[in-house]
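Can you read through this structure? Questions will come right after.
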């Protein structure tokens, strides 16, 4: 199996891939994995078969959903999420060896990272300008290799600093010490993981029209079967201002009876349902299922119904 | 086939049976049909096999649900509604031949009938006392045969007056000219009529607890699938003041996909569901089904779901 | 103050009035209270001013809502419920002194009472015919005073047997030992009892149309404010088969903020709302109010809202 | 009055401010308005009183909600939206005069803009690398003034190209010709615009807990009063993965009766409600109000309720 990720080397995404490979007992695959410079490039490589699996960020506990990933998944056919990985996000301030903190008047990083270190930066390098880069690791890489970059320090993962030979001036500089980013492992069709009792399913839902009642009717399908949502993001359809679709993660697996009925019901009620896969939760926490929505309750109600058909 | 009905001869129930037999091309069976003096007696005769079918009143457009029938059905196992019959209710005032209207100081009838002629009676025989009887026809029969009855006139169907040789003093005396009573034809297990597209289903629903939200959760199962209720009656469970179950008629047949899903869902959510049968509507009006709840929509969503299972 | 009740003397309704008067410290008023032979007659007497208050049965724990009372209230303007009274229902079998049980071949009683003693009667007097009467006490009164009645025993309250000098052949003959009937004390406008924290309110709701969703929309108004319903009865509007309005009791008082908002909301959503009064619960059980629906929560949200208006 | 905006000169935000000033008859104020390099800087200037009003982007028809703005508003107290401005988004590709299209191997722009021209760029400059900048105008400004920038062309507004003396190589290069961005005009407390019948209100809602039913309960408050939502964005609270609050725009004004009741109800049900103002819609389209939720219906129901209090 081959793996691609949102790179370059040293990104938190690479750390997520490393964690995923290790927990699957194939840590050595990290060496052969391929970095891509953008999220869409990772997904394109999966679609073309250049790699079997791609790893991309999808949600950050501080910054929210990663729009680029949600939109790129939505714009492509036949991609499915096979696993999720949670990575604690710890930022360092890195510079070329010997750079004094006082000399820094500009800092490069990805905008999501910058938003998460703003407090520390305004206290410790109040005069520093922000320079956006494509990723946190790209900021580090360019700083290490290119004399011309318009900044003297990068906000990135410790791994990126080490990878590119930068010196760590400060660590743990994130404003929220418990920040976590959630990454997903994506592949083409054909490999739906088995139900584990602790799964998530990801959908994109399109309403027939855009009024509040429309979304309500979709959310009621989940609530009616006691299904807990863990993420809800609206994304514009691009058609017009105020026209949105909804990216949703919820607890449960396609093969759970309550999920099967919900999916079929959504398919009838929504304008369109995109199914992006069912996969084990990273935290292994089993779904809480109300007594009226267990697989046993569904089997029992089916048995009762069959008896009505023959015996009444 | 043999038939029992809530009698004696001359009741509106006998008229309902006559209508039913005629529309089934077996009008001659009326001769051999058996009257019973109470609704429970009719149902007991069906259960014991004394008759194959029993006809009883279930709902009146002026007086509402017939509690005696609902409770008697509920108290017996293995009884199912196979058909419904609508009979326009037109009352006459009948007396022994030669009785002048002015001489009437008491009138016998069933309490439901009395409630429907109160207006006419207070205008035309303001001094007349009401004497309750077991049925409208029983009032007529007793008046014709028993010198001792404490009334001089009966409120009943024209058919009863004729059957027992009474004279009609006035007709069309009901306060509501369009009053209709709905009767049901009941049998034991084993004869579920086929779906016609214009069917009704009858249930008794028991809540797990008695708060408003409990009933709401049950009614939402119907609304979620666009199913129209045509009757809702609360009946006490007898356990305690305020403890109710709900007798419900709705549009659709057990074999309709939206009904099947609703029944199974109710079975999971309710404390108990009694199924009393699916049968053709008397008025042949097809059920209005929202586009998201047609059999085609259910089949299509099932096909889509099966594809997800193999192709993702 | 003067009082009327559904009589004659010896009915359970008279017992309810006695209980009400005693708990109000005016037990002596019972002497001067006036029996009427039907429920509508009681209500007419209140409307005409013949009596200040009228007592009628509204709900039985075994037989359900008393349709005659619900319909009679609905058909009259300007009547309001001021109190409720709960009376345990214990039936006796009464006959003229010296009558042996074996000699009884017919029994008189009100149909509701008969339904509640059917089990005992079929065991102990299996051959006895049922003869309907206007009330349980009327059966006893006629038996005591009229040689011509077509029955030898009456099912009634012990009080009726004593009142009319009958002998009690058996007592506690009800099939449900914990049967209770709820009575209401009705008056004309102008005397809304103060809120006690343990109140009920009675309404009649009319839908704009008769589909299931219509009732659902009305019930959601209660659920949205955490209001608990204690009785729901459908009653036909008389317009057509399947056209129903709904008689509802719920916990709370007109002056409770959550009730006020619910009533106003119902008035906007329903075709018509009839308000039949707020009055103390007979069992004094305080209403359970969710934290988001207390009077304090309403006051607090109003204060917050007023601040928005001036400070934003 | 003084105005700040998300700059530098040449941004779409400046165009929005220009449009706003012109429609208010004070176009000359544009000269004296102050650009700020980030959205938080604009809002800080409003809070400190450095400017009276600030203009920032809040929603794009292709890219969705502007997270930086939503989060910055949320992190500050006492800021309110006073107006909205819609600006059609048309991108040009701009370079130093004389630059041939073929020579471009890197392009600078804001990431939101880049996402909207990806199609055109991959067709016409397939080899060009993307270089992120703080804003579209910042890309143009740096290109015009700084020989060292690592790109030869900028994707920006025509206005930016003209402002900084760049040559337009291509125009209308957006993938979605009807793209629109919505900007809001923000001020401190004290200036709530009057209701116009065509208004929007903006809120941030915090749930008590994060299950699906929690959001549902909040959305039902809008649906119950027929209120149409025009934008719903989830934003992480930062507390933990999966902990979200919701930024919502809906039709109506604080002074509309249905909005007032909804706000008060949300205040009771939600953990917290932030009110960000009611303001006229840019498109002047009047709110569609269901008959049961008009101001007249609310007044009428209040009148009815007051009569109940005195007359029952």
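Note that the chains are named A, B, C and D in the order they appear, and that numbering of residues resets to 1 at the start of each chain.
The rule is simple: a residue touches a chain if its C-beta (ideal position, glycine included) is under 8 Å from a C-beta of that chain, and two chains touch if they have at least 3 such contacts.
For clarity, every value in this text was computed on a predicted model and none was experimentally measured.
Engineer: Taking all residue numbers used at the chain B/chain C interface, answer same if over half belong to both copies and different if under half do.
Structural biologist: Mostly same residues: over half of the interface numbers shared.
Engineer: Degrees of rotation, nearest 5, to put the Cα trace of chain A on chain B?
Structural biologist: Here the rotation carrying chain A onto chain B measures out at 180 degrees.
Engineer: Quick one: chain C and chain D, Cα centre-to-centre, how many Å?
Structural biologist: The answer is 59 Å.
Engineer: Please report how many Å separate the Cα centroid of chain B from that of chain C, as a whole number.
Structural biologist: 25
Engineer: Two-or-more-chain contact residues of chain B, please, as numbers and ranges.
Structural biologist: 220
Engineer: If we use the touch criterion from the header, which chain pairs count as touching?
Structural biologist: Applying the touch criterion to every chain pair yields A-B, A-D, B-C, C-D.
Engineer: Provide the residue numbers of chain C that touch chain B in the complex, in ascending order.
Structural biologist: Those residues of chain C that touch chain B are 38, 59-65, 67-68, 71, 86, 111, 115, 130, 132-134, 148, 150, 176, 178-180, 182, 210-213, 215-216, 219-220, 222-223, 227-236, 238-244, 250.
Engineer: Once bound in the complex, which stretches of chain C touch chain D?
Structural biologist: On the chain C side, the touching residues are 80, 189-190, 192, 220, 224, 254-255, 260-261, 263-265, 267-269, 275, 277, 292-293, 297-298, 300-302, 304-305, 308-309, 311-312.
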